[in-house]
Amino acid sequence: MDFDFFAGMFAQLLMGLPLTLNLGILALLGGFSLALALNLMRATRIGNAVASAYVFVFRGTPLLIQIFMIYYGLAGFGFVRQSFFWPFLREPYWCGLLALILNDAAYTSEILRGGLRSVPKGAVEAGRVSGMTRFTVLRRITLPIAIRQALPAYSNEVISILKSTALVSTITLMEVTGIARAAVSETWRAVEIFLCAAVIYLALSLLVTRLSAWVERRLSPWQFGVTP
Amino acid sequence: MSLPSTALSIAGLHKSFGSNEVLRGIDLSARDGDVISLIGASGSGKSTLLRCIPMLEIPDAGTVTVGEDNLSPEGGRLTRGQESVARRMRGHLGFVFQNFNLWPHRTVLQNVVEAPLFVQKRPRAEAEEEATALLEKVGLAEKRDAWPAHLSGGQQQRVAIARALAQRPRAILFDEPTSALDPELVGEVLKVIRALADEGRTMLIVTHEMGFAREVSSQVVFLHQGLIEEAGTPEQLFGNPSSERCRAFLSGHFDRNR
Amino acid sequence: MPGDLTLIGFGPDGWGLALARAGLMTLYVSVSAFFCGLMLGTLIAWARVAGNWPLRKLAEIYVTIFRGVPDILVIYLFYFGGRQVVTAVGTALGLPGPFDISGFVSGMLAIGLISAASQSEVLRGAYQAVPKGTIEAGRVSGMTRFTLFRRIIAPQAMVTAVPGMGNQWQSVIKESALVSVTGLVETMRQVSVAAGTTQEHFLFYAAGGVIYLIITTLSDQFFRLAEKRSLRGHEQGGV
């Protein structure tokens, strides 16, 4: 075993961690907001159709093709190149982030929808008859129940997005996997290097699992016999 | 005329769950044709006792005998050899659960013929003919092709009884067969069990229906904290119980029901 | 709008035939990987449900690892690692080099192993959803463990597992796009090559997207049909 090599490799790969986290967290924030908007859109018939089509397309195609479509495909349009967005859309960072956000929104909106549907009608009615406004019912009854219900699925989505950030290495971004790929082409010690990268992602996902178990416990004390 | 032989017997049965000793030495036997009701407060161990007979719960000590077979498991588990004896014993028993436990992925008729076909390996035509007759007996001949989920609780329990009978059991065990039913559905199930008693079937019934127990039983057994506190004919036990606890249980029970 | 639609047609300048062939390759690699995952996933689920302590722990660790590491890293590891293994074995046997492992085999194994982790979770959940009472009813009728599994547990667990397995199949299709990094000419690889050659990126990535949508939609219909069939008798949710 070549410990110096592994130690050096970890140090090198960890330089990419800030970018991995940056992409992951911003994608989750952006994705969640967009997902919320998609669910609100479902109130109208046209909005519902648009949201369904959006989810259909983004869940039905691989993320890799979405990334390439945004990075390479959009540049083919003259109006894109002339638009206000061009300074962003020619940067791999913004293209990668945009693809991650759009992709995450499709999955998250389905998770949210499942959570909202799981809210018992009776709980909402009980809120209404006790004189709550629609907004209070949403804030005090519907959302808390829906979010608790959706939490396990959402924590899977968080892990999934962290893993997905590895794909932006294909459009030259130097996050953990990007650095690993570059190191491989210099040293050709592919297995060792990719294993190091895998350990970093594994640690991240274990952290998320622990965190979400803790949040779940905090948010649903009645299921765990914890006194409030 | 010879005396009826012993259908099943239990000797020195002990069973604990963790530190909770649920059965503390039970002896009980049923001859062919006996109808024995097991009564007692919840937690007295009567359901556990019944579940120990087909080894759904495995006793810590004691012997269970069904017909020619007997088992004396030790330490709450069965060896490989004992497991196959247990299967043979189960084949000679019918068991009716509180929650029916019909197989949701099989129709009514398929539920009844499942064990005859796949455990006893009897010919299909014969098994189906017998199953149809049994369904007729419990009054559900017209439901033979229905799915369990489409039946009322009372109907499901009657199918479960037909399923138990299809095994041609030496004895049938009932674990609170009416406790999960709406009050208006209790009668139809009790009527079927009563008819079986009239036929001379051997049965062990765990029940809270005191009036029914008094009417159909040849023997009533009162359990208290894992021991048989009192046993006797229904007349003795309901008319003049000798144990103070049994008296208190019965008066409480009848008070609550009347 | 850029793009000349004859480029994706079947004419002399068209990439239609190549795209169709690539679509079939996507299907081919996905089906192989899915069944690979099904076999291993069943074993893992069994280990977690019925195995002894070390077996259970091992299965748990497997699932944790494959759910925590990015799919693309697993594919790289199988591709490069596989090549090292094949080379080592080949050299040891004194065979003439150079040695290589096909993108198809390493991709299929990598995606199969990833999918096995999630499929085992689906199967385990389905097993746990079988009402305990129906299993007891089978036991008291004298069934052997095998009969119990075949007649009572498996048919009921299948009903719960179908939608989850449908989702796993959909993920496998999308993960198969990652195998393109090994040079295997499936849909993703083919559209990248075509886009690079013709400089019609938008057109070809859109065509690629449509191919994936066709595959995912058709298989979705298939799983819905399977779910409907397996739901016989369960319309009211059972007991």
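When the chains are written out, they are named A, B and C in that same order, and each has its own residue count from 1.
Here is the rule we use: a contact is a pair of C-beta atoms (placed from the backbone, for glycine too) under 8 Å apart; a residue touches a chain by one contact, two chains touch by 3 or more.
Listed by chain with UniProt protein names: A = ABC transporter permease subunit; B = ATP-binding cassette domain-containing protein.
Since we're looking at a predicted model, the values are computed, not measured.
Peer 1: Between the chains shown, work out who touches whom and classify the graph as line, ring, star, complete or other.
Peer 2: Basically the chains just string along in a line.
Peer 1: Closest chain to the overall C-alpha centroid, by per-chain C-alpha centroid: which is it?
Peer 2: Checking distances from each chain centre to the full centroid gives C.
Peer 1: Can you compute the centre-to-centre distance for subunit A and subunit C, using the mean CA position of each chain? Integer Å is fine.
Peer 2: 22
Peer 1: State, to the nearest whole Å, the distance from the C-alpha centre of subunit B to the C-alpha centre of subunit C.
Peer 2: One centre to the other, that is 48 Å.
Peer 1: Where the centres are mean C-alpha positions, what is the separation of subunit A from subunit B, in Å?
Peer 2: One centre to the other, that is 55 Å.
Peer 1: Tell me, which parts of subunit B touch subunit C in their complex?
Peer 2: Subunit B residues touching subunit C: 54, 56, 87-88, 90-91, 93, 95, 97, 99-107, 114-115, 118-120, 147-150, 156, 160, 163, 167.
Peer 1: Which of the residues in subunit C come into contact with subunit B in the complex?
Peer 2: For subunit C paired with subunit B, touching residues are 131, 133-134, 136-144, 147, 151-152, 155-156, 159, 232-239.
Peer 1: With touch defined as at the start, can you tell me which subunit C residues reach subunit A in the complex?
Peer 2: 1-3, 64-65, 67-74, 76-77, 80-81, 84, 170, 173-178, 180-181, 188, 191-192, 195, 199-202, 205-206, 208-209, 212-213, 216-217
Peer 1: Along subunit A, where are the residues that touch subunit C in the complex?
Peer 2: It is residues 56-57, 59-66, 68-69, 72-77, 159, 163-167, 169-170, 177, 180, 184, 190-191, 194-195, 197-198, 201-202, 204-206 of subunit A that touch subunit C.
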